[in-house]
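One chain, chain A, appears in both complexes that follow, with chain B as partner in the first and chain C in the second.
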Partner chain A sequence: MQLTLIEKESRNDRLRQFDPRLRLITALLFAMTVVSLHLIPLLLLTLLLALGMAWWIGLSGSLLLKRLLVMEGFMIVLLVMLPFSVPGESLFTLGPFNASIEGVQRALQIVLRANAIVILLMALIGTLEPVVLGHALGQLRLPDKLIHLFLFTVRYIGVLFDEYRRLRLAMRARAFVAGSNRHTWRTFGWLVGMLLVRSLERSERILAAMKCRGFNGRLYLVKQNIWSRYDTLALLLSLSLSGTLLLLEQTL
Partner chain B sequence: MNEALITLQDINFGYPNHPVLSGVSFHLHPGERVALLGENGAGKTTLLQLMVGLHNPTRGRIHAFGRERRSEQDFREVRAKAGLLFQDADDQLFCPTVLEDVIFGPRNLGKPESEAKAIAEQVLSSLGLSRYADRITHKLSGGEKRMISLATVLAMQPQALLMDEPTNGLDEKAEQRLLEHLESLPQAMVFVSHDRKLVERLATRAVMIQDGTLIEGLMHSHPHVHTHSHLHIHAAGIDAGHDHDGSIPEHQHAHGEG
Partner chain C sequence: MAHIPDGVLSTPVLITGAVVTTGLLAAAIRRLDFDRIPQAAVLSAAFFIASLLSVPVGPSSVHLILNGLMGVILGWAAVPAIFVALIMQAVFFGYGGLLVLGVNTMNIALPALLCAALLGPALRRSDGRFSLIWGAVSGAVGVLLTGTLVSLCLGLSSADFLPAAKVVLATYTPLMIAEAAVTGFTLGFILKVAPELITIPE
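Entry: the complex of A and B
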């Protein structure tokens, strides 16, 4: 199962020389900057920057589009509703409903912001090996419990997915075809139930294995990431970029 | 004879309306390699887990490494001295990277990071696994996972090894490698296996669970001379070092009966 957004052979090497913590901090910084921008031209610029970043890193366009579509589907209701629900100068009317210029502007802002942030997150963090991401988060002193949850999820999501695939294959081997009938829903219910039961049993076995090795509430991560001069340099660069954007927002 | 490492005395274990083991007594002495046999569902895994206190017996006493063990606290020490190798390596390896998995045990025993790391590196290299240290555990193959599991257990420097079907699911080459390592280890062992080759090569003694009780197995082998054919598969057209002219090669060996 593929968890990262990038193939091994692609141009990911361009970021490999940097500390993963830099990528996390930069992504956070950029996201906060974008959220506080309101001017459409500036938001367009950030969207272009994010796209440029994604291209530079070598993110595949089709994969990016697929992930974005999932989010767009989520936002479409909001975009259709906003022009009609925000009061302001009328742009056009649709029967009894009145679309306002302010509403359209608001909708545009949200689309640009969300896309810029998601594209950059995918480029900077989605391309990280999840285990490396876990280590970086740990080094940034996030709560241990969260890190453990994350790392356990990464470790076992594939194992559970394999179990799901095996069950699904066994269903197909006995000529099960999903339809919209009672039989299908009941069968899927059993499938989900079986997965839950198996996961529970597995978690008990894992806990037993942890006890056997003297688990006392801590995982020990071996530190791997080293912050270098280039990381500081890159951080300064992104700081000045977001500073410029915020300054432009103030002055324009 | 030396004092036993682990002694089970008249152990009963079961669930309401479903007894699993009754009146089980067992000793493990230093240097012994005991094969634990029995049918599917006979309670072999349960017996191994009882030895390290993962289940509580309904009756009987467990004596391990010099004193009687009753509470969870008692068994913590036992688990460090008797390493349990689980049947499914996916249950055993839960840390992000191989190195972190191997140092997990030593760190829990209170060793500082540098010492734990040194132990881990030494164990990995003794098993020929040094190059795996930085690999991510869920991306390993089945055979690799099993070897790393063994490394995680050995890193705790146990005096005894309890293994649940160690060669299950391994191909011939991986099994051969594991077997060679196991043969070279000094620890006393109890192992569950249906693998006749493993039992034949490793075991010094065998016990069987039958109808919930443990009985001593008689291990013997008798030499006999006969001709038989082995299934032999190799790619066509490759020189496999023998002819296919129908003559019977000389072949005499002893067959062990579990």
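Entry: the complex of A and C
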């Protein structure tokens, strides 16, 4: 199972010369800027910026759309309910309910903000190799144990996904079709149980193998990321960009 | 629906979530032995895979959260496991966001811990039909609490979200049914096949 959002072959990774930590910091900075913006035109601008970034990095449009649709379930509820729950000048009425202009504005703000942040998050961080991301988080001084857990989890998601696919194939070979019934729930319950039982056995083997190789509670990072002048420059650039956006928000 | 996107919640709610999650993570990591990391990681990966499962309920279908099950099996280690899974879901799948990571972790991890503390002991003692029932209860309680916390976060962020929060809470009903059923059968299976999985010493 591939987690990274960009294909290995088609990777013309234009951000490769930068430190992965820069991408994490920039994403955080951008997210904090976007949540403090309220003006619709500025939010539109940030959404366009995020889309431009995603395109420049080479994220495929169809994949991005697929991932965004997942989030929109939450958005739809807010989008439908907010115009009616925010008091204000009436835009239109639906039976006894009154949709306000302010409510529509609030809903728009939220949708634009959420999409801008998620797109940028996927473009900047989602295109990193999970292992690189783990190392970058480690260099940003997150607790060692958490980083180890992250790196191990990344590794075993791939392994267990293959196991899961094998079990599903076996189910299909026995003509299993999921429906809304007791049989399905029991089968899925046993599937999850089997996955967990096999995982536990696997983890015991892993621990034994690691102890054999003298694991003393520390994985050494093979490649240290080095913060270069270009990273500082790019960070300054993004700092001034978010500063400009905040300033525009204040003055407009 | 357990993953709140960025840009929705108010700053005080975001900060509260971040503080609670940091506290829970710190406590959990102190308890997590280096020797238990491979085990926690493999189980965390298994839960990540299990949440890809799409379970039909009536006309719709849901993805399981499995936080009740995680709490019962992993105990305190469920907190970092959930945190790590949420980072990956946000970054690679677009579920949730960056600044809400604290709130989302809190909403899923707190119910997991509660299930472990309140229902774990009864579950370990039970057998046969009762393990099925206790398992179903822990699945349902996990989802119900998560749904309540998500709605609370929305409602506390702004009074305008209250109607939306109620709708969100209502959408948890099918999930609760599926989660209770699957968790019940899973725990029944585990108690029969590998009871050591849920009686791991802390």
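Here is the rule we go by: the second predicted complex is superposed on the first by the 238 of 252 C-alpha atoms of A that agree within 3 Å, B and C clash if a C-alpha of one lies under 4 Å from a C-alpha of the other, contacts with A are read in each partner's own complex, and residues count from 1 in each chain.
Simple rule for what comes next: a contact is a pair of C-beta atoms (placed from the backbone, for glycine too) under 8 Å apart; a residue touches a chain by one contact, two chains touch by 3 or more.
Just so it is clear, the model here is predicted, and its values are computed rather than measured.
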When chain B and chain C are modelled together on chain A, clash or fit: fit
Partner chain in contact with A:V77 - chain B first, chain C second, else both or neither: second
Which of chain B and chain C A:M32 touches, first, second, both or neither: second
Contacts of A:F188 with chain B and chain C, given as first, second, both or neither: second
First, second, both or neither for A:R113, with chain B first and chain C second: second
Chain B versus chain C as contact partner of A:L65, first or second or both or neither: neither
When both partners are placed on the shared chain, which of chain B and chain C touches more of chain A: C
Which superposed partner A:G214 touches (first chain B, second chain C, both, neither): first
Chain B versus chain C as contact partner of A:F152, first or second or both or neither: both
Partner chain in contact with A:H135 - chain B first, chain C second, else both or neither: first
Which superposed partner A:L48 touches (first chain B, second chain C, both, neither): neither
Shortest span in Å between Cα atoms of chain B and of chain C, once chain A is used as the common reference: 8
Doubly contacted residues of chain A, that is, touched by chain B and again by chain C: 152, 154-156, 159, 202, 206, 210
List of chain C residues in touch with chain A within their complex: 1, 3-8, 25, 29, 32, 34-35, 37-46, 48-50, 52-58, 66, 69, 73, 80-81, 83-85, 87-88, 90-95, 97-99, 160-164, 167-168, 171, 178, 181-190, 193-194, 196-197
Parts of chain A lying in touch with chain C, wherever the complex brings them together: 3-5, 27-28, 31-32, 34-35, 67-68, 70-71, 73-75, 77-78, 81-82, 84-86, 103, 106, 109-110, 112-114, 117-118, 121-122, 125-126, 130, 133, 143, 145-146, 148-150, 152-157, 159-161, 164, 178-180, 182, 184-186, 188-197, 199-200, 202-204, 206-207, 210, 217
In the complex, chain A residues that touch chain B: 129, 131, 134-135, 151-152, 154-156, 158-159, 202, 205-206, 208-216, 218-222
Complex contacts: residues of chain B adjacent to chain A: 49, 52, 54, 76, 79-80, 83-84, 86, 88, 90-92, 94-97, 99-100, 103-105, 107-109, 113, 116-117, 136-138, 152-153, 156
